[in-house]
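Below are two complexes that have chain A in common, paired first with chain B and then with chain C.
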Partner chain A sequence: MITNLSKGRPTIRKGATAEFLGHLWFALSALVVVVLLVLVYYFVGSQSFQTFTQSHISPADFFLSSNWDAQNHLGISYFIIGSLSLVLLSLVFAVPISLAVAVFISEIAPKWLKYPLLRAIELFLGIPSVIFGLFGLIVIVPLIRNFLNLIAGGIFYNGYGLVPAAVVVTFMILPTVATIAYDAMQAVPRELREGSYALGATRRQTISKVLIPAAGPGIMTGVILGIARALGETVAVAFVIGNSQHLPFGLSNYFPYLYIGPTSALTTQLLFNFKEATVGSPLYNALWTISFVLLVISAILVAVSRAFAAKRIY
Partner chain B sequence: MATDTAKFSIKDLDLWYGESQALKKITFDIQPNTITALIGPSGCGKSTFLRQLNRMNDLIDSVKVQGSVLYDGLDILNDCDVIELRQKVGMVFQKPNPFPMSIYDNVAYGPRLHGLATGKKRHRALDEIVERSLVHAALFDEVKDRMHKSALGLSGGQQQRLCIARVLAVEPDVLLMDEPTSALDPISTAKIESLLDDLKKQYTIVIVTHNMQQAGRVSDATGFFLTGEMVEFGKTDDIFFNPKDSRTESYISGRFG
Partner chain C sequence: MRKAIITLLSLTAALAIAGCSHSQTQPTVTSTTLKAAHVTTAELTPAASTTEPSVPKALPGLKGKSLQMDGSSALQPFFQSAAKYFDKGMGTNTTAVANGSGNGLKDVEAGSVQIGMSDFFTQQSSTPASFKDLVDHRVAVVAFTLVVSKDLKDSVWNLTSQQIKDIYTGKITNWAQVGGPNETITVVNRPLASGTRATFKMYVLDGMNENAGMTLQQDTTGAVATAINNGQGAIGYVATGFVLSPEYSDIYPICIDGYGATAANINAGNYKFWSFEHAYTKGTPAKDGAAAAFLNYVVQPDVQASLLPKLGYLQVDQLTPAALATHPLPAGAN
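Showing the complex of A and B:
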């Protein structure tokens, strides 16, 4: 066989330098991402351990104690509980609504309504969180204080706390969860729906028994991204959570013997305390430890969402 | 062919997708316990026609229909409950479409929807329906040890027989098959074809196929569709060996399509 390739030393093609530089640029950019990630984990991680090494706080006391006093004693258990209950309550609000929105756009809405709705959700997605915080402060908190309290006999105290925070976070994660759930539903092949209809299933049965299970892993990916966002949200939550070192809910001595009142989350604790912390003080170190806890939880959530993404069928 | 004994009696059926007409004045009868093959080149309307027999075209917004389709004398275009109709007139699709659940749950899907397994021993009754349907679809022996494993792990041919079992489980009367073997290898195709012959005793079968040899092998009657019209309908042997219309002859002898 005859080839036209020339023998001898390879000659440098025209444009080879440009191509090399281009590749170098891509490779370096990728490297920067990796290096940044390692640096963040290393920096936050090493700082966070100083709570236990430099400030001599026992890890058990730090994580389990509820007493947080910037000068004397640092325990973050209430903030962990605050963050976790915020995530849970936000999911309770956001998941059913997001799923309903996704089902409506994907399966029920007529064509002329479908695309305006999708655009509206995109717009929703772009709203800065501080605006939701303001909205929570001006609208949701008074609503809870003046109306829900009336119905529930005052258990919501002054209106701040877990409930308005969860409402604000719901606004923020709803479009994320809804769009990802919508995409997952759209990825379910039409043949599957037809198979169900052809067996005499109604639309409701097809949605609940075939569509949602088939889209399940994809929907879970969206939910986990929602969890990550709920856990990490700071500014909007700070507006309405009340910033108080109390459990988000509990029993009280007065009627109605139950309260859901001002509390704190890991993120808002970080926000409110950082300015006052002097470098090297126990408070300063403790705030780094809180940051590291947030980092680790978010890494776990990403891993879990990857696991669900791998289970995607369609 | 007498109308009063026909399973389906189709008269002057017109169908439009928006402005374009996909079926034009289709008129013929489908006899019970026969296999009717619908042949014709791509886009000739044969699948669209098939999907009208269980009103799957309802799922497409732009479809408009005119004319009449009688199923056991009942006007299914106007005066019928679509859910009941689809239970009686089952459908198998071109691409096997098992649900992403276990083999057992796939077959049990229909009976559960329609509450077919009743009485005190409901679970036992459902087991029986599932087993009977799988046996009937000639799949039981291959899957009996993995009934609760995902149906997506089956081969294409097995998936298609599972889809047939799934339809049989709702105790239909008619089976509509839209190119059921076009995505399968020859061995799986042969299995399904021999299954069809068996199923004919109990069901009326209408099969759309691209494969003329298949139509010749399995069917009793054949209809030839071309650009939305039913050019010719008759006994399969007549259509293949003694076509009346020159277009049928050209198609059968492979001059187009």
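Showing the complex of A and C:
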């Protein structure tokens, strides 16, 4: 656009070369992003198919089996279930809290409290995930262990598993979802709220019937970004999830008769095994396939988030 | 009462010297004596030497040369400390990084490092064919031991091979089944690709696949030790050097079939849970090169005697034929 404008000028302006170089820099940078993205997908994708071509593991076996211990029996179904249930449980914890935080800051908090709260959330957002992992390991895991053993009346649980992992992930996605939900609520025009009040609605009715539906698509964008983070989080989760080859839930012999114990996510298996896996081994190839599965799920999430963003009115 | 305590104490002292009892069943003794029946840390490793290794005499043409190594995090501390003295004498520039055995072997085969450090024979890896050019140098012996958490220290001090297999395959899930308290067993394992896990599977589980209930996986031996140190009802395996570390004061080594991870038991052929540490080179290293000089240096008796015991490792040349017989070389090993 801008180049077209400068083309239309009859004389060469002073600084035209600098401008051209500037544009070149911008264009090249944009190109680098695209090239990198294509390269990542191509590289991970091509590696990942070697599980099926070079290591001769059937796709059905790989995605549906849970056997992750023999050379040619590498099934990731438990890890997929682990990752997905981690995402779900984190959302169950995080979404109500972050929505409440967003509503409070946007609608209820007095002005003097609003800005300190916003800054606090920003600070929260910047905490490195490994710190949450350590916190989970030292505080959350013993807490859950002691609680479960107390109600079960014996030492039956070690505290690791889906619950502490979801708590840790909740800490991480809460500020993301809350800030985006807050922004979406702020974008809802004043007239809508005033219209609602003019019709005699209370504040509670205005929030639940007008504000949240109007800000809905924006809130969903935040939730989906939260899902992407929950899915991709590795280090913090690895501290507390236990990384075992088990379903995240099940039945047990002890009160509360629910297996609440170690499980594994896709990312943590990748983290733990990659260093030691030898190139070309079935395990090595399987780890690449896990990476590709993560890429595909994240791409789907971005697409869904775009679809919601497109629905945004405000 | 007083007399009883004195008797108990003397019994304790006697058992502490004896270490593990060699009986397969657990005798009914009081908790005080049982505690002493654990392998003591002093028994596990030879006394650490205080002498420094000799600095090698400079060889012509090595000054300023660089020597790169990558691989096992178990072997890296030994090579790193040996490299300090080696570099001082030779004027070389040695770097040892620990990216795991698999990466070390990959790097040395690709020629990006001169020495690949590994916990296992390339023949035991899942892709032996991709390491066909590598030449093995066995430079140390690392002994591993099963350890349990604090709450078990008075009741579980010995497990039979069969009990260990049952625990790791999920047949036994409560410590009460092996004479311990009524607590769920938490198994702390290493990831699938770990060299230590491969050693455990081969020499303790006889190749059986692990499938325990409450399993935790930790990606390093240090993380395993931490999990057991802070855990309840936990069992796992670590290199014996970790038991000596003050950082992990609450992990308790136990015996396998009545034998602790001591040099004496290994050399008598009674304790099989140990492995060689390997330095791999691509082909035979050039005689006048840095890699050959370094590999000659690290097997010198004074270097081995001064650096290995600090890590809790044993010297390869001190293994008896009885010990070697428990670890037959894999086919094709050199």
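Heads up, the rule we're going with is that the second predicted complex is superposed on the first by the 286 of 314 C-alpha atoms of A that agree within 3 Å, B and C clash if a C-alpha of one lies under 4 Å from a C-alpha of the other, contacts with A are read in each partner's own complex, and residues count from 1 in each chain.
The rule we apply is simple: contacts are C-beta pairs under 8 Å (C-beta built on N, C-alpha and C of every residue); 3 or more make two chains touch, one makes a residue touch a chain.
For clarity, every value in this text was computed on a predicted model and none was experimentally measured.
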Once the two complexes are aligned on chain A, which partner has more residues of chain A within touching range, chain B or chain C?
C
Of the two partner chains, chain B (first) and chain C (second), which one does A:Ala214 touch, if any: first, second, both, or neither?
first
With the two complexes superposed on chain A, say which partner A:Gly195 touches: chain B (first), chain C (second), both, or neither.
first
Considering only the touch criterion stated at the top, classify A:Ile313 as touching first (chain B), second (chain C), both, or neither.
first
Quick check for you: in the superposed arrangement, does A:Gln205 touch first (chain B), second (chain C), both or neither?
first
Contacts of A:Ser29 with chain B and chain C, given as first, second, both or neither:
neither
Per the contact definition in the header, classify A:Asn243: touching chain B only (first), chain C only (second), both, or neither.
second
Where on chain C does chain A make contact in their complex?
99-103, 105-106, 125-127, 130-131, 151, 181-184, 186, 189, 191-195, 209-211, 213-219, 230-234
Complex contacts: residues of chain B adjacent to chain A
54, 56, 59, 61, 83-87, 90-91, 93, 95, 97-101, 109-110, 113-114, 152, 163, 166-167, 170
Per the contact definition, I'd like the list of chain A residues that touch chain B in the complex.
110-111, 189, 191-202, 205, 209-210, 213-214, 313-314
In the complex formed with chain C, which residues of chain A make contact?
68-71, 142, 145, 149, 154-158, 160, 238, 242-246, 254, 261-262, 264, 269, 271-284
